[in-house]
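Common to both upcoming complexes is chain A, partnered first by chain B, then by chain C.
Moving on, here comes the complex of A and B:
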């Protein structure tokens, strides 16, 4: 553990916060972050159940709750269940650090990214989930990282490690939330390691406070005949940057990586995606959608990497940007890096406005312009939200979207 | 009553409609025929409020309300319905959600109560039956992957749902085989009533064998060049538009 922290700190100190001349940081300005003196959160931080309730999902979903990175035992209901071990990362570090070897910080690359470097150097607590071979998680685990901050800027480094052994099934949902206007830097890193014949679904909902910079990582590593999905839903926060890395290391694997982000005011969203096809006969589907209002901006960089010998790779990557104002801006950089000759890889990126013909058609049927616009935005987001399997999470996301749109009262109830 | 007076409209400064006068009394069915490019579809779109066209002169009054003063959705609430020649596909919005939102908006605007789920469903079933519309289509995206016939039947279904007082059918017959044409026509005929008027826009006479008009107008070069009874359609079928076009040229 000490060695990892040290290596990560060295990495962080050698990169620090890069300028926008750095290729990976061309679209995200970190000057304000670099200029801020962050402190760690007070270890006695507590939050009230009331503050948490707007962000909860099903009442029967087991919960792990952290406030500014500090574990909240009174609000956490999750306990290990048959076949599924759920622990605080701090406990595992203290009592069984060998269980983390070759797992923790093994897939989220901290060498070339300051946020991941800092996060890894500062590892203290978080959640470790291990689903045993053949086991099935009956209900999704919900991990809530609530950020409230204090009078001086703080940084928090939420960490999640999910290990799904062969032939296991499970779903984990993270919520990164807050309502405070205090300055906070959050650098959540989640690693998902799936063996063979696994079915693992991961969701990350981001609803940060007005001054919380969110620079996150999701790294997946999957074995043969395994399907892993990860979906990042970014609704609130002045800066939401997510690096998502998927590695298909076993044949006949399937990776589904989705993202939906909604920007307004002067918010900035960045998604950096990389999918590594290391072996033959794998499939990956990447779909990222950005809805931009006001002066918000979004940047997408997506790379499909196909290693030598990874024949019959089937990868489809799309990035669609819907600009709802003249002052919003989107950038898309789809990239392919292919070293095999028998593969099917496609990528597509679009930046556009609402379809005017569709707008007129809806209006001609009696629907006011603002409601018509809202319906088309819902439809745009629907392609991502319809695939969100946990119903309570899907409903929450649909409601967030709907409440952000004008003329919600004109829209018929969703059926 | 629908009254169009001296209507001029242009697109990108090119005049398309050059002074149309047309009055349709309640309960009447008028047909608007004419060669390609005469402005038939432009008239339909201008009536519905398509912003691509600029009205430079004239008025369109429906039951005392000047439609040109209204936004497209207010025109629908005021009782106008335009069946599109090319119904637009809208991925991600189901027919059901679309129709329910449209119906609620229109009813609200007309000062009527919203229908509850049960009432709504029974109206859907009844109106879908008049155009033999498969109810499963309602779970699909708006016009998404519909056949040509399904799209046009869905237009007439929407018309039946929104209970307009003036219906404009823009080349509803285009792309339909004879069976589909007959179903669409039957759907329209069941909607004929003393307080509802129709403007049936078509290039060909064949639709008018099924939806028999009271009055036939021929549009040439953005103006109504001739008006007559239903026999005018048959005459045009036999001789083509060239006769009238020539006549018009002589008049000019």
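Moving on, here comes the complex of A and C:
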């Protein structure tokens, strides 16, 4: 553990916060972050159940709750169940750290990213989930990282490690939420490690407070014949940057990486994606959608990497941006890096306004312009939201989306 | 597809040695290798340049000294050998510089012979194809044809040095306006030491009566070529310009850092076609040309139109991004490219389309073919500025891989700052299917011919943009370049 922390600290100190001249930070301005003096959260931080309730999903979902990175035993209901071990990371570090060896910080690359470097150097607490071989998680685990901050800026480094052993199945949902206006830096890092024949779904909902910078990481590592999905739903926060990295290390693996982000006011959304096809016969599907209003901006960088020998790779990457105002701005960098010849790789990116013909079609049928526009935006988002399997999460996301669109009552009435 | 099987066979039979690798022995007036201010002063003095141009060169040199050399290739199969800029000789001219040939008869017969071998019989080709050739042989133009006919129309087509002497006001007005002297490392170097190139000016409302063409050729050992091309199409003018390159076989890496600037005024159209076939090095990656070129066009006026078409089969390493700045309203930028890499070649090419004016449109079609240990990269930018209402872009980049050791990469960047923009980007990667080859074999077509047919079909959209005689040459080049890659 100490070695990892030290290495990560060294990495962080050697990079620090890069300027916008750095290729991977070209579209994210970190000057404000670099200039802020963050402190750690008070370890006695507690939150009330009331402040949490708007962010909860099904009442029977096992919960793990953290406030500013501090574990909330009174609000957490999750316990280990047959075949599924759920622990606080701090406990595992204290009692048997050897269980983390070769797992924790082994896939989220902290060498070349200051946010991940800082997060890894400052690992204190979080959640460790281990699904045993052949086991199935009956209900999804819901992990809530609630950020409330205090009078001085704080930084929090939530950490999740999910290990799914051979032939297991499970779902984990993370919510990164907050309502406060205090300055907070959150650098959540989640690592998913799937053995062979695993079916694992991961969701991350981001609804941060008005002054919470969210610089997150999701790293997936898949064995043979696995199907692993990860979906990031970004709704609130002045800066939401997610680095997602999937590695297909066993044959016949299938990775599904999705993202939906909604930007308004002067928010900035950035998704950086990399999928590594290391072995033959793997498949990956990446779809990222951005809806931008007001002066919001979004940047997408996606790379499909196909290693030498990873024949029969089948990878499809799309990034679609919907500009709803003439002051919003979108950037797309869909990249392919291919070293094998017998592969099928495509990427597509579109940036544009709503289809005027579709608008006309709806308006010609008596639907007011506002409602028509909202319907089309909903349909646009639907391609991502429809694939969100946990119903309560899907409903929450749909409601968030709808409430932000004009003529929400009209839409609700039509359903 | 009408491939003449005999012609193709002959090409296969010649083996994989570079077909056009030979050296003409002419006593070149070369400065010793090395670069400092005195070399720049020497070049400028040798060319009898005005003071302002010398100052411009020196300023570029000053900036260049402070710049960092880019080194982005990351492919292990052919590490980027650092260029020793002090080992390059920056000036080389055929000896008879003081007494320039006035007509073809006066041209050194040996030079003409070289052109014959290259397949460009100057006078014949010019006459038959209606092409005026401004042949650049080792940095200085030695022959220019059809000058009179062009003069009739008011078209200025001459070497850059001549333009500096005869039309200094035009050169001064436009030089460096599209590619500033310190635009990038290689453009700055070019600005400091460029020796010659072509200058074209098409006056208002004139449709250039013939296709203009320049053949570049690297000849003297260790001489980097620093060409400078400037084409200005005034209001309502039209010009189609062809640029083709072949180079003799060399074992040392040679640097080619050219700059091309295009300026299209209101309603003007410039079509710029390139076939690049510099020596690519042998199959082990020894030798070959470094082709680091800056090409940029400015659609200055409303409804102007710039179109780049390129076929890149040569060079050990190519970094080239012909770009369009769509400043005028309703202006159009186009980029059609075929890049083929075989053996240990690397091609990193693409375009930048910067939409500034209203209703601007751009179209990008890029086809990359990789074989052997070749690496092909598309790197491009589509940038829509806030004021570019109703901008449209369509980008398609397709890659074809032949063999297990090559690579195909795509790095597009799309930046959109206006919600009325419609941007589409599509990319795909594929290989030549065994079933496709089998289908052809079954019908008595050899695997080689099948590959050449499939490749030509893959590139059809781009080849169709080339002027006729160029398209023929391009097809042949693709076939020759793909030798030994079937299997």
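One rule holds for everything that comes next: the second predicted complex is superposed on the first by the 411 of 415 C-alpha atoms of A that agree within 3 Å, B and C clash if a C-alpha of one lies under 4 Å from a C-alpha of the other, contacts with A are read in each partner's own complex, and residues count from 1 in each chain.
Methods note: a residue touches a chain if its C-beta (ideal position, glycine included) is under 8 Å from a C-beta of that chain, and two chains touch if they have at least 3 such contacts.
Just so you know, these numbers come straight off a predicted model, no measurement behind them.
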Quiz item: What's your read, chain B or chain C touching more residues of chain A?
Solution: C
Exercise. Determine, under the contact definition given at the top, whether A:324 touches first (chain B), second (chain C), both, or neither.
Key: second
Quiz item: Of the partners chain B and chain C, which touch A:308 in the superposed model: first, second, both, neither?
Solution: second
Quiz item: Of the two partner chains, chain B (first) and chain C (second), which one does A:334 touch, if any: first, second, both, or neither?
Solution: second
Practice problem: Kindly classify A:347 by the partners it touches after superposition: chain B alone (first), chain C alone (second), both, or neither? | Solution: second
Quiz item: Looking at the overlay, what does A:364 touch: chain B (first), chain C (second), both, or neither?
Solution: first
Practice problem: In the complex, go through chain A and note every residue touching chain C. | Solution: 308-309, 311, 321, 323-353
Quiz item: Of all residues in chain A, which touch chain B in the complex?
Solution: 355, 357-358, 360-369, 371-372, 375-376, 378-380, 382-383, 410-412, 414-415
Exercise. Using the touch rule from the top, collect the residues of chain B that touch chain A in their complex.
Key: 48-51, 71-73, 75-77, 82, 84, 87-88, 90-94, 96-98, 100-106, 108-109, 141-142, 158, 162
Practice problem: Sort out for me which residues of chain C touch chain A in the complex. | Solution: 384, 386, 399, 401-431
